[in-house]
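Structures given as structure tokens follow.
Paired with chain B in one complex and with chain C in the other, chain A is shared by the two complexes that follow.
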Partner chain A sequence: MAWFTRFVNSMRPRLPNDERGRMRAVANNLILHLHPTRVPAPALQMRRTWGLGGISALLTVILVLSGILLMFRYDASIERAYQSIQFLETAVPFGSLLRAIHHWSGNLLVITVTLHLVRVFFTGGFYGPRRSNWIFGLALLLLVLFFNFTGYLLPWDQLAFWAITVGVGLLDYVPLLGEAMATFLLGGREVGQAALRNFYALHVAVLPALLMLMLSYHFWRVRKDGGIALPTPSGPVEKLTTIPHLVGIELGVALLTLTALLGFAMLVPAPLEELANPAHPPNPAKAAWYFLGLQELLLHMHPLAAMLLSGSVMLGLAAVPYWDRDEAAIGIVGRSARGREAGLVGFLLSLLITPSLVVIDEWWLDLPSLLPTWSTLITNGVLPLALSLAGLALIYALLRYPLRARPSEALVGLFSFIGGALVVLTVVGVFLRGPDMVLMWP
Partner chain B sequence: MTSSDLPTTLSRRDFLSLGLGALGLAGLLQSGAITYQFLAPRTIEGEFGGVVHAGELVSFPPGSVTEFPDGRFFLVRLDDGGLLAVYRRCTHLGCAVAWHPTEDRFTCPCHGSHFDQAGVVENPPAPRPLDTFAITLRDGQISVDTARPQRRDHFSVDQVVYG
Partner chain C sequence: MSRYLWAGFVALLLLIVALGVYTTREPTRLDEAQAALRVASVGSAAAIYVENCAVCHGANGEGIGTLPPLDSEALRAADYDDLFKVIARGRYGTAMTGWHQDEGGMLTTYQVDQLVALIRYAAWGEVRELAAQHGMLPAVLAVPEVSNEQMAQVAELGPEGQLWAEGFQLYATRCTACHGANGEGSSLGVALNTPEVRAQDAETLQRTITMGVAGTLMSPWEQVLEQEEIAALVAFLQHWDALAAEGVELTMPTPVPLDLSDPQAILALGEQLFVTTCTSCHGIDGTGGIGPAINSQQFLSRKDDAALTEAITMGGHRPNSVMPAFGERFTSVEIGAIVDYIRSLEATAPSIADPRGTQQGGGGPPWLRATPDADNPISPGGGQGWGRGQGQGQGQGQGNQQTPSTPAAETLSYRGTVISVNSNALTFRDSATGASVEAMLGPPWWWGDGQILLRPGDSIALEGFIGEGHMELNWIENVTTGERIDLRRADGTPVWQQ
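And now, the complex of A and B:
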């Protein structure tokens, strides 16, 4: 068995045993050189990043690979798209598994990217020069959402058809350009063959290319900005070589993610509803779960108001680095003990207030019939929007003055409040909306 | 250097690079226009968008609602005998509404809007009545032009066609 031992030994990676050699190994490797050659020890603690950016990156790689395979079996025509998916699910070896991997990675990516944003916010990863990567990251989040949106038209089932119909219907409300944009995107007045083709081209060519470019820039910026945000050190910081310290952790996290993803995909196949029927939406007709928070808003206010509210939240997020300049708090979760307190208060308040508002609006408050002479654009649009924004301002003021939080700390509270509201609205949309979108107990 | 020191003539080098820049910009705009025209929506395929011959007036009794799935509309004969062709696209976000004869109304399953027989909103979120298509009535034959949905903010009798 001497040949076998020799074979095994020749396969063993030959790591340089001195620090310099290991640093050079990182710098000279195409993929590894995304990393610095040495990293500060505190950056390696799992609870600094929870590895969320890395997991997101891994998921995009999995999405690209599984997506390429799916392209060989998928047919982007409205007569055959659904059939080709059914064929994949029933006849193609591992077809169902591959589709499940692609589907669940896409879903998981929405979660990990959102949590990554939350992590960056709480550790103050947007201070100073990191500001530009924060704003760029928001664009990445929108891209990931749009990516999913184009993807779920492709199976051409009921969810696909109606979710896209409703989603693009939102565009119609954008003043001036809206209708032209909607027709351009769909390639016509309704969701049909032209829309399927457009979405397919976007999903498999345009968006992946854009995502790759944007991710490269994102990673490059992380390094330019001196790695991830850490608390200002009081003394000298120990630096460890990337190999094996960082790479080892990354491999571990990657393996865990892969195992969990594969296990889940084997147990739960990707859903497929009935063939799209343009005459009859399913009842209730729900969007994909991560858009149900927005859909829930639509039940309570005019589409333009709902879009303006979500738009204001996005703008607010983009403004965070200009609003909160408390740079001394960099790397400290929630800025300070008081900031963490504000966060908790904001979150709990939200868990209390958001469901109450949903219930009140559903069963008691009917502004349009209280003020019948007013245009519904005001009673159902301007008023709910103004009330929501005023509510948010009030929460901020409450944290700021009675609780005597600094702006940066009050902002943590406001962020948690909005996050809590999004969670509540999504839960209501997913579990508590029955036929005709009536509120009900599951 | 004050503004009076600025050269008043353009050097050959500046002139050429200005021209190059202008040409580049023109090229960019052209490529943009080409891409836009290349991608712009093609005409609507299939039947939808043409004129639909719905049949004879007498076959639709007053108070009836008949669906024309390919034409995307409901032919409504009001109780007073007037005709309306109601586009089935919900004015909220575009789901297809369904007619419920027992409740005498159109409902949209997507966000729960209700409309009466004439397509007028009974229950929001839909912001305006269902759109209609133009009807022509000749020798008791009904034809509906589905090319252009007509918006309306409220119901009025001039939207109704009488035989």
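And now, the complex of A and C:
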């Protein structure tokens, strides 16, 4: 394959052969300037990041490009939106592929940014100066979810219409602001023309602008905070030039991702159901899959309690850098062997406890009828919320004391528990809920 | 070069190959996607068609009277633009109105497109079937129902009433589609329930109906209706105000889409079809008649749904079977519903058809309703009286030579009014306390057979005793009519027992 290497080398931009020259090339290039001119050798190991941030950035670029192309054919009116998608699917060469790429990238992005958050948490990448970027990252995650949510409505098929109707319905339970937010989003009380135009404007103008600003800041902070979080070195660290070492890996991973994504998109077209029909709700009417964990939670407790529970988890995540100041083992997955143990225990406990609770609440325990004299706000809201929070506190205490984990290690366990619970709830919501949201085997 | 870059380039090569393959397939894929879309559109359009268009163009697009058929080669070959415009905007000077929302209709552009697809691509013979699969049932011309009471009411209006009633009935089935349920007229036909029409003489009206009106949708009816029928129609038209004054009105049935995912709705449809179609041969509830009984375990346990479906669709397969094939008459959805209904009978079906002994109902004779007493089981052969009326012997029976001259319980007397009689249970209001009391009359075949009439509101007097948790009667008198019967003999045994 020597000829291949020669061919690739000949295609490569003429780069200076000396290190200084290559470093200058990075510093003087707008895009490459995202990187430092040299990176520590350990930072190049795949297991440090699994490339999740980079893949997410690549997906964002793919989404922007494919989205721009889709805009040429899409028509944001309820009379023609569905037909324009049908036209794209049946009459435009590569239209179906284009839509599939956009659709699957959007869904994949939700997964990769979530895993990115998990990776950063496990390696303790949120201490000291990284605090602000951690919180910014959380905001970006919410932005990506909102992006997906607004895009979900655009095809104007049954899936879109009812997922958004259900999704915006969740907002009504947010105290004080919820109803105003729902009305603002929909431009009225119902999902109609105003809602479609609002969602389109948000999806193609407002959110991309916001994402661009926030993403730039996110990248800039990564540079300012000294790249990815690494363990404190015991001796001198070898530093390698960004070109070719980092750029080569990035290009390779990008090509692999692109191939996998396009291959999948070619095999599995984006779903398109029948034209939206406000008179015929499907049964069950489910939100988009990434909200099904929350929808599942709503089946088990008062909406306000579910909102408070997920809100406190988000707040807890945001507060982690201020709560846990144990900066001893940055860059090590799970912080230590004991931390990894705690993480495993938390995750396994979650796999055990969450499904049991779902089943118990579905078939045996009915608090409102057990305590008929109490208000349902208490029996269905305060009690389950208090029990869940107490359960989380108990898990934390269990990891902290019987397992003798330090606070940071116990937090890894608690995080794994909550993550596991979210996965279980989402799986139950996606696969195990049949008509009337009754638990059933698929 | 790093191994990631290597892997990346290999992936890129793969991607290029895959894209090449995809590109060669793309034209075929587009064709297939369009074909699939046509199939889906024709299906949805069939439901729209049955709901909105079938009334004029016929259930299978065959046209009605002077209204044009849609099942034609010329229309298939017509331009998309022409078809779309006619459906969307209507045809000036004809009965075809504009159906698009922009023209005051109810269809969206998307739906008009689907109708165009129906006209161009549909196998018209299957439109009924397609509509049924989309929940649009029944796929027939909807006409208002004329009840027997209405017919009787009209017949009593005057010496010619019988004729008017006949005309009224004819109007309901033949004319409402265009002239409206109550002659108010529509975009298809003029109003008929007007003083101007009534002012015309019978001959003019008769001629109009017989010959039709050139240049309008009014077709000549002479080939469809007899002259006597037209005369009845005319008589009715001329006296419509008399009918309207009596409050005789028709209401158009609205086609209600069936929710195919709702098993209850399917079952209800099945029951309705079974009652209207199957009971004439197979008997009420399928208990048998000219045709074999199907409401039995014997039948139902041996026929699976596929066998039932086949029998209904293809007709009976035995040499002398008179079971017709219903495959042409019903859609698959309807046949499925009938099968579902028949299957639902299985849960309560007797093991053999029409068994004896289950007709009595009402929980059996009163003496068998005593709660079994485990402490005092009755030993058989203990005495001479054991076979006879000892059932209410309050557990101390044991077949001894006791003399049950009076019931063991205290005798109670009431006066009151009847609230209701349901099988063997009498509910009456006690005039002393105002409370409603329930008492057992005994089997209806005994007391109901001309013995005593108990209508709600009748004053009654009675005497009874508290038996096994409910009141048994010694005698009851209907004070209003003066009828009186005894229900217990002096020894406490029920009168209806030998």
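Everything below uses one rule, namely that the second predicted complex is superposed on the first by the 430 of 442 C-alpha atoms of A that agree within 3 Å, B and C clash if a C-alpha of one lies under 4 Å from a C-alpha of the other, contacts with A are read in each partner's own complex, and residues count from 1 in each chain.
Here, a contact is a pair of C-beta atoms (placed from the backbone, for glycine too) under 8 Å apart; a residue touches a chain by one contact, two chains touch by 3 or more.
Owing to the predicted nature of the structure, the values given are computational and were not obtained by experimental measurement.
By the touch criterion defined above, A:283 lies against chain B and chain C together after alignment on the C-alpha atoms of chain A.
Contacts of A:437 after superposition: chain B is touched, whereas chain C is not reached.
By the touch criterion stated above, A:97 is placed in contact with chain C alone, chain B being left untouched. By the document's definition of touching, of the two partners only chain C reaches A:266; chain B does not. In the superposed pair of complexes, A:376 makes contact with chain B only, with no contact to chain C.
In the superposition on chain A, the residues of chain A contacting both chain B and chain C are 283. Residue ranges of chain B in contact with chain A, taken from their complex: 39-42, 44-45, 48-49, 67, 69, 88, 92-96, 98, 107-112, 124-125, 127. On the chain A side of its complex with chain B, the touching residues are 162, 165-166, 168-170, 172, 183-184, 186-190, 192-194, 198, 278-285, 295, 298-299, 301-303, 368, 376-377, 380, 435-438.
Per the touch definition, chain A reaches chain C in the complex via residues 5, 8, 46, 79-80, 82-83, 86, 89-91, 93-94, 96-97, 244-245, 248-249, 251-256, 258-260, 262-263, 266, 274-275, 283. Chain C makes touch with chain A in their complex at residues 1-9, 11-12, 14-15, 18-19, 22, 26-27, 29-30, 33-34, 37, 40, 44, 108-110, 113, 261.
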